[in-house]
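In the two complexes below, subunit A is the common chain; its partner is subunit B in one and subunit C in the other.
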Partner chain A sequence: MQPALEWQVGEVTRVRTETPRTKTLTLALPKWMAHRPGQHYDVSLTAPDGYRTERSYSAASEPERAGEVDLTVERIDDGEVSPYLDDVLMPGDQLEVRGPIGGYFVWDVSLGGPLLLIGGGSGVVPLMAMLRHRAAQKAPIPARLLYSSRSAQEVIYRTEFERLADGDGELEVVFTFTRHAPPGWTGYQRRIDPAMLDEVMQSLGNGVRSYVCGPTLLVEAVSNALVAMGLPAGRVRTERFGPTGT
Partner chain B sequence: MISRGFFGRRRPAEVENRLPPGQYLVTDFPVLSAGPTPHTPLDRWSFTLEGLVGSPVSWSWDSFLKLPSQAFTVDISCVTKWTKLGTKWLGVSVDTLLQSVHVDGTARYVMAFSDGGYTTNVPLAEMVNGQAFIAYQFDDKPLAAVHGGPARLVVPHLYFWKSAKWVRGLRFIDHDEPGFWESLGYNMHGDPWKEERYSGD
Partner chain C sequence: MDDEVADMNMALMVDGNAVAGELQQIFGRDMTTAVARCAGCASDAEMGALLAFTRGPGVVLRCPTCRAAIARIVETTTAIYLDARGAAYVRMGSRP
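Up next is the complex of A and B:
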């Protein structure tokens, strides 16, 4: 049996606003362990009377950044935890976490590619950890990210995606907007569908490994489509969040 | 450690008392799956008891539906932290299935197996006496594929990853073996009241 995964008290060292609804917390961890991109941490909050609740958040950072981890948290307005993490926590605060956790929705360069990442909304967070890791390793593995957002202002990590793709001939980042495209936008303006997947995958070749993360409806539609297009089910790894996920 | 500025959302005591440690209440039904949803046509569906049994037995979909069924209402808890209270199911209890087969006295564990290759292990003693069902209706409707339909295992006293979606059979074995999530760092047993989430908990 593996040793128990222990709770540890991390310190918030930085809070960065990503979008109007999303912030990234950087935690310095005394018992930091390298995660595999795609893994998550459990967060535990305790009220003064002892009431306690937990949630899970994907690591957004690459494991090459030793000693700390980024958690990107989307605020759910009626949520119990995400408004606390996004609006109350400040640098210097402590946060109890344990991790890294999860062994299936993970990718590192040792698995190779080509890599197809498909994210909806904050489902892009674990995919970002994979792309940051790929960049840190300078691995020339062909990779595509297809990222569906409602509008341009909800795109998380936009400038970093553009920077990553700019200097990297093997990486393409493709956005689609399902409600409001920015003025002059000539790219996709619809939900992800088989035709879009086909276009994004065209240049990837065979043996694609795909990771799909987002709301249940998106993940269902995309993973069914990928299987219908001939990807083996074992190469379509999914992580879903329902409408709840506070 | 007290989290500065966190007060939490209190539920009425009768709800709080039904939430295992670290869990929060949901009223919808979140979907968690590691891969694509399998869609096995009902005319190719079967359910099999195998392993340490006198001789394996299989049911077709039609014959499975003719087995005596039971309605049951249970609270369910997912290791991803949500708990849903009072879920209504219809299915066949494992006790009923076991009337059709002789289980060897050396059997101690059950490995449930599913379409798509998913597996999960449960002690045999926790599959009997009304503790586990093969359910095919949820909320008076056929169980949706995203929730494990046409039929899933429901072992409500364990975290819900033990309640294998798209279940196609039970294999009786004499020792404990990790299934899919159990081999990826999740707990071999998975009791939410003991917060047995991960290996070593």
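Up next is the complex of A and C:
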């Protein structure tokens, strides 16, 4: 039996700025359980008048890191919850969460590869948990990450991606910029399309497992394209974040 | 429904996986890999892959094939209502 899903109060132990609009909160959890990469936590905020609201945030850290979990939150300026998480919470503050949740959008090394990860904006967060886990397990599973951002400035985990891909012949990280590419950029500068997917997938061979995460409209477009390219629908796992960003 | 409203609803749509917490609270186990058969078109989908609309009062889960409502969840201060008349059945492994 699974243990019951209970709300618990975590403590913020660290806040790290990732991009001008994104921060990572490290939460120490009294009832921490190892997550499967891709799973999320529900966060609950209660106002002084008793009004309660909940949002989901993916675990960004690898499950090998016991006792705590990283949540990476993109601030949506007119949003109800994300500005509070990014601009108000500080180390020492408490936050009510439940998790880890969801067995549908998960990958771990026991599932094998080849692995095709496609993310837009903060949709890269659960994919990063998968890559950190893959690195922690030193699993030489072929993997590609195709990551769409508006600009280079908005790329989350940039230096860590460079470090992960450096010296790992089986991992390739490919960026595309939809609004501003850095000067001299020779890579992709458009929204993800079938031609791009085809090029990124080419070297992966058959039996690809794909995970697509980000703003709903990006996930729609990419998952439809992958199925049209012949991937079985059961191997195209999606996580739609809603209208958030692009 | 005019096109603008349809586009808006589309952008707000998430996956059944996004309400995994609510489902687990109701069933006491993860339901996202349980398979629901649509009562309308008889296609099967893992509950995590249903289309979820969470911005209204309550949650509506729809069939990814024909878009019919499979289940509705409404939570009041004292009770949770689950209307699952759009599912012919839900199949889950016996050992979660």
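Note that in this section the second predicted complex is superposed on the first by the 240 of 246 C-alpha atoms of A that agree within 3 Å, B and C clash if a C-alpha of one lies under 4 Å from a C-alpha of the other, contacts with A are read in each partner's own complex, and residues count from 1 in each chain.
Simple rule for what comes next: a residue touches a chain if its C-beta (ideal position, glycine included) is under 8 Å from a C-beta of that chain, and two chains touch if they have at least 3 such contacts.
Owing to the predicted nature of the structure, the values given are computational and were not obtained by experimental measurement.
Mind checking subunit B and subunit C on superposed subunit A, clash or fit?
Subunit B/subunit C on subunit A - steric clash.
On the A-aligned overlay, A:T216 touches which partner chain: subunit B = first, subunit C = second, or both, or neither?
Both partners, subunit B and subunit C.
More residues of subunit A are touched by which partner: subunit B or subunit C?
B
First (subunit B), second (subunit C), both or neither: which does A:T13 touch?
It touches nothing on subunit B or subunit C.
First (subunit B), second (subunit C), both or neither: which does A:R52 touch?
first
In the overlaid three-chain picture, which partner chain does A:Q137 touch, first (subunit B) or second (subunit C), both, or neither?
It touches nothing on subunit B or subunit C.
Quick check for you: in the superposed arrangement, does A:L5 touch first (subunit B), second (subunit C), both or neither?
both
Between subunit B (first) and subunit C (second), which, if any, makes contact with A:Y104: first, second, both or neither?
Both partners, subunit B and subunit C.
Taking the options 5-13, 59-67, 77-85 or 95-103, which segment of subunit B carries the C-alpha atoms that clash with subunit C in the overlay?
77-85
Name the residues of subunit A shared by its contacts with subunit B and its contacts with subunit C.
1-2, 4-5, 42, 54, 56, 101-105, 216, 220, 238, 240-243
Please give the residue numbers of subunit C that touch subunit A in the complex, ascending.
Checking each residue of subunit C against subunit A gives 10-18, 20-21, 24-25, 28-30, 32-33, 46-49, 96.
Give the list of subunit B residues in touch with subunit A in this complex.
Where subunit B meets subunit A, its residues are 1-10, 21-24, 26, 28-38, 80-82, 116-117, 146, 180-181, 183-185, 188, 197-201.
What part of subunit A is in contact with subunit C in the complex they form?
The touching residues are 1-2, 4-5, 40, 42, 54, 56, 98-99, 101-105, 215-217, 220, 238-243.
Any idea which subunit A residues touch subunit B in the complex?
1-5, 9, 42, 44-48, 51-56, 80-81, 84, 88-89, 93-96, 101-105, 216, 220, 223-224, 226-227, 233-234, 236-238, 240-246
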